[in-house]
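You will see chain A twice below: alongside chain B first, and alongside chain C after that.
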Partner chain A sequence: MNSVLKIIAQRLALGLLTLFIVSIVIFTAVNLLPGDFAEAILGQGATPEAVESIRRDLRLDQPPITRYLEWLGGAVRGDLGNSFAQANFASFVGDDSGTRTTVAQQIAPRFANTMFLAGVTAAIAVPLSVGLGVLAALYRETVFDRFTNIFTLSSISSPEFFLAYVLILFLAVLNPLLPSLSNIYEGMGFGERLQKTLLPALTLTLVVMAHMMRMTRAAIINLLASPYIEMARLKGMSPMRVIVRHALPNALAPIINVIALNLAYLITGVVVVEVVFVYPGIGQLFVDSVKIRDIPVVQACCLIFASAYILLNLTADILSIVSNPRLRHPK
Partner chain B sequence: MTDLVVMRDIEIEGRSDEVWMPIIKGIDLTLKKGEVLGLIGESGAGKSTLGLAAMGFARDGVRISGGSVEFDGIDLLAASADVKRGLLGKRIAYVAQSAAASFNPAHKLIDQHTEGPTQHGVMSKSESEMDGIELYRKLRLPNPDEIGFRYPHQVSGGQLQRAMTAMAMSCRPDLIIFDEPTTALDVTTQIEVLASIRDIVEEYDTAAIYITHDLAVVAQMADRIKVLLKGDEVEENETREMLSHPKEDYTKSLWAVREFKRPQKPAVHTDATPVVSVQHVTAAYGKVPVLHDISFDIHAGRTVAVVGESGSGKSTAARCITGLLPPSEGVIEFDGEALPGNYRQRNKMQLRQAQMIYQMADTALNPRKTIGEIIGRPVQFYMGLTGREKRKRVEELLEQIELPGSQYIDRLPSELSGGQKQRIGIARALAAEPKFIICDEVTSALDQLVAEGILRLLAQLQDELGLSYMFITHDLATVRSIADEVVVMKDGQVVEQGPKDEMFTPPHHPYTDLLLSSVPEMDPDWLTNLLAERGVDNIGDAAVGKMD
Partner chain C sequence: MSLWLTIIVALVACLAGGWVMRFAGQKATNNAPAFRDMPLGVAFGWVLGVTLLIWVVYTYYLARTLPQPDANKYFFFRTAIEWFIIFAVAAWIFRVFGRLVGTAGSRKLFRQMPLTASFGLLVILSYALVAIFAGILAPYGQEQVLEGVAANIPPGGDPAMGGNPEYPLGTDQIGRDILSRLIYGAQNTVGIAFATTCLAFFLGGSLGLLAAVLGGWLDQVLSRAVDVLMAIPSLIFALLLMTIASAWAGSERWLLTIYMVIIIAVIDSTRVFRLARAVGLNIVVMDYIEAAKLRGEGLSYLIFKEILPNATAPLLAEFGLRFCFVFLTIASLSFLGVGIQPPLADWGTMVRDLAQFINFAAFAPQVAAAPLLAAGAIALLTVGVNFVVDWMLKRSSGLKE
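And now, the complex of A and B:
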């Protein structure tokens, strides 16, 4: 067991290192964006003095290295800075005490919403895809296999907004079962929240299902030529048991990895679906912030996305290790 | 006795490139209750396919296209999948060649053992667990009470093979198919497994089909022997009758003990500089020590056979000589000159002088390159030949290994047979014009007759080119036929070394003696006598010793 803990510690350290490198990349990339917050917010009234003043106030006049170190130092302490856009610029010459919103305050509710949507989607999509993958492997080369294949492939090939509108058409307009708008607000009951989240979650399920289902199918079929599968058949085990008990446990590592990638996508890549359903997630906030050059929010979002990828891949690695008896029980 | 299995006029086909080719061409087979039938033949004879057909089973890409299979009055070819599943594992069991690959790596041995009895409704899980432990004890597995609670990778090959036999026994079947169960094992381990299989089959009066390519092994196990050649039956008879009076020429050629034996060469001058001199080499993989202070010399034009069981350090010694594993202590001298430990620090000349031929020609040849490219690469790299000169040299090399160049030079490895591929491996080594070649189990994946051809070729090349060989093998018959000197290794140490004739004449070192006496002989009473001589308990102890 010690060796497993050692591997996990190593992966964690590597994850932190990756995050550090990513922070440099994010900072550089965001600073390479054309345009400037001060000019963007002042618009027509951008006199050189006003621009200069806002820049000084937001410390945009400092050299990049200084700003990066300040940002990194804050981020390590959990302080992601203050949002530019929420600052009270009416009083930027005078005192601005208490009127600023921190990035964390702005992101937190949105992030919680995104996690809720991702959670609901994962709860539907993961069991469904793995189950379908197992069935497709069991009934490979049959009508069922072909149908699931075509279905999942066409859903992943269609644009997300198209899937969203098709679902709205069938589940909200023709059969008014679910609300087509997902206006979530604080203090909403879990049931109501779930009901409002269901349509975007179903849309996303259609988007992420294909990868996971096809990987499950492929990973299982890949093992069917193994001597231990032949042995299980020669012991008179039923086809279902051969697949679920003998093939699936050995196919877990690649399946877990694909699941992790897709869950990361659910956290970072759902802007279009959020827009269609007017779902107040982090994706929309991110796009809005880029539009007005609200650099602290953009950087914080990027950092959260990167952490989500790193954490989920780390979890996938750890689960793959734990699912492998060779690593769990060394000789 | 009544007939348990009756197979009539069985025809089996295999698909290759969308065409169905015959594998088994109309064979009859009957097996009485409690009888053991040996199926013997070279690879490609169809013995495994026939063995599986006796279970009513055909692998993917294989189909039983004609004939009938009856098991205890049930027509297996007409039976529904459910009926067959009810028989498999419960009344007909299978023991595979590689237990390491045939146990599911994700589950503990005992859970795989109890799966059959519980799923077939023969016993409850706890009853079956108790019974499994009892079977482990009968098969003389060390620590029978706890060994089942390990995962397959935590158990050695010989022990896994016995655990698999126990698993086959779990429902007390009427018939077990043993598919080369000891082929992948060392001779000393093989004896333990053979003895335990034979005892348990006798104790429960189980009928068995024992598939192997090793005559001496089948002579110990079977009541009757059936010889197969390319999907046809050659002949069948009672074991003793078959051994003493084989009728067909093919059987006789199998029976003939290997004739190829090189005479012992005169002793080397004591002051001659050896081509390769391994001096007090100690080496480790990471922190795991594998070689402890080994020394031996290989002289010009000589073959030194390095023998030992798997894990004895033979291949590691070769890795040290080639510089793949730098020794932690000691030196390797070539023509009296010390070589750098790491191959990266050796110059082209030093690298060229020592070449290697591998065990699995299949994996050692790049499947996407033609023979001309495979052999041409070292010709160009070491000898600097290009274009027409290179091609001419490759053709010469192919000539040397008795494969006409014009015919083979543009083919891919997949178009060649196993023996031909091994010859290409030899040509590739020769292309560098080395003084010294390491042959790592070069014949162990080949059939006996093909292997003998390879050994003859190597001997002939040695005479023509004055090559020195380090011949790594676990097969003592090969040592007998080709070696000049023998080095016996165990647990990373050299236990005995000397000229071949001395090594094969008593008195031996106890370990050499154990190795020599473990090689099965054609005499059907050999195993019985040997066990009586050694005392059965001894074998159990040896197995326990291996656990550490």
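And now, the complex of A and C:
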């Protein structure tokens, strides 16, 4: 057990290191922007004094390394700075009385919404794809297997917005079953919230299902030639029982791995889907900030996406090591 | 709520139907093994499948026979089924054609080909043709705002529905011919995606093979750099870099497209690097490489004459997959408004511009078809490429089960 803890600690340290380097990459990339943020905020008719005051306000007069360390230190404490759009708005109104929202305040509710969407998607997609994978392995090379194969392959290779609009067309416009816009607000009941999240969640399900289903099928079929499966078959077990009781537990490692990787993929896929459904999540905020070049928000969203991605990849890594003793004792 | 109830009742009815079918089958065939050993789940599956098929046929029948306003609801269903059948027949004819014409090798290839793969090949070929001859095929220019023609003419070309037979797919929000823009979109979107993939392969492939052959510190540095770049989700990273690129490009919109090609190529080359290095490492340890090294062959001979020919199959499959990824990333970026810039016609941008018409589907299905055509054009190509790659991978891995 000690070795497992040691490996997990090693991987965690590696993940933290990666995150640190990624933050450097993000910061450097953003600082490649030509010109000055202050001029970008104020636009053309900026007076030198105003530019100077904003530069001091945003601490742009400091050298990059100081700024990076300050940004990183703030990010670790949960302080992600002030959004430019908000700063611009405040300076325009002339109101500087501490009412402006910080990036963290802007992101927090949206982050919760995105997590809710990802959670609903995972709750639908994981059982469905594992179940379909088991069935496809059980009835391999039949009409059912071919059909699910073609269907999932088509759904994974279509762009997210195509799937989203087709679902909107059939489930929201032609048969008004679900709302096509997910206007989610604070203090909404769970049932209503679920109903408004269902259509984006279904879209994402279609996107991530194929990999998980195919991996489940392939991992199970890989094991079917093993002696213990043959033994179980020869003693008269039903095929379903053979697969669920004997093949599935042994195929769990690759399946869990691919599930974690696909949840990581969800993080990226969420951006387009949120834009289509006007879902108030972090992805939509990200795209909006990209368009108006609101650098602190872009930076913060990027960092959050990257850390979620790294964390899920790390989980996949650790789970596959824990579940496979052979990886725990490398030769 | 009543919908869920209907679904549950239908499923239970299918289960009962499955039991009845099995029982009837056992009695009718005097316990033939097929029915005797059939689990209830399989019987349920058969009945469910047949029920779905009957429902599809019935709905299609409704769509063809109902009078106009009621049939609108089934318009897309009908079109989808008709196109599915047309595509299946076209793929089948293409396969038969391929089996009869061509060299012995290509005929053999077509004989082993599943219908999905021949469909994919057909799609890729026709897209390539459309992209190459876009200038000849398109009736109008891609940027041409047609003089004296109304904007937003619905597709279909039926004057009774407000269409215009001269513009079979209608015009867009500022009066450009959608058919021409779709055709030019093939040239722009597919062409740019292809160029990006080639660039990504050139970068990732050459560096990956170099890392595999040379090893040492070069390998370490490149691999760690790729690890870091791959730790950022690609679409997010692309969006971040596009923000910066848009500031660099300023008002020169065409520069932004070039920046996009470079950004996506670099991001995607990390994935190519991984694969090329892994494949290369497996080949480098072979005896014939050792022999070539002992003969005193140079680095370029080793890479081009010894390693590359043996790495073609996995790299080719990866090229197809990479192309899909690049294509989808570009389409997504354009859809989000930061990809290929107007006035170039591009499918992702077209979807975004026309998307709101989907809400009119219940009254005027033709109007809603326009954005789906552009999105469908993207989906069709990626599905086609994926079908072909899937078949290639299955063939090269030799998995029969």
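In the analysis below, the second predicted complex is superposed on the first by the 283 of 331 C-alpha atoms of A that agree within 3 Å, B and C clash if a C-alpha of one lies under 4 Å from a C-alpha of the other, contacts with A are read in each partner's own complex, and residues count from 1 in each chain.
FYI, contacts are C-beta pairs under 8 Å (C-beta built on N, C-alpha and C of every residue); 3 or more make two chains touch, one makes a residue touch a chain.
Keep in mind it's a predicted model, so treat the numbers as computed, not measured.
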| item | value |
| --- | --- |
| Room on chain A for both chain B and chain C (clash or fit) | fit |
| Chain B versus chain C as contact partner of A:I65, first or second or both or neither | neither |
| Partner chain(s) touched by A:P249 [first = chain B, second = chain C, both, neither] | first |
| First, second, both or neither for A:S157, with chain B first and chain C second | second |
| For chain A as apex, the angle formed with chain B and chain C - C-alpha centres, to the nearest 10 degrees | 80 |
| Chain B versus chain C as contact partner of A:M231, first or second or both or neither | first |
| Touching partner for A:L5 - first (chain B), second (chain C), both, neither | neither |
| First (chain B), second (chain C), both or neither touched by A:A264 | second |
| More chain A residues in contact - chain B or chain C | C |
| CA minimum distance (chain B, chain C), superposed complexes, angstrom | 5 |
| Touching both chain B and chain C, residues of chain A | 238 |
| In the complex, chain A residues that touch chain B | 225-228, 230-238, 241, 245-246, 249-250, 325-326, 329, 331 |
| In the complex, chain C residues that touch chain A | 3, 39, 41-42, 45, 49, 73, 76, 116, 227-229, 231-237, 239-244, 246-248, 324, 328, 331-332, 335-338, 348, 351, 355, 358-359, 361-362, 368, 371-372, 375-376, 378-379, 382-383, 385-387, 390, 401 |
| Sites on chain A touched by chain C in the complex | 18-19, 21-22, 25-26, 29-30, 32-35, 40, 139-141, 143-144, 150, 153-154, 156-162, 165-166, 168-170, 173-175, 177, 180, 221, 224, 238, 240, 264, 267-268, 271-272, 275-276, 286-287, 290-291, 293, 295, 298, 301-302, 305-306, 309-310, 313 |
| Interfacial residue positions of chain B with respect to chain A in the complex | 55, 57, 59-60, 84-90, 93-94, 96, 98, 101-107, 115-116, 119-120, 150-151, 153-154, 167 |
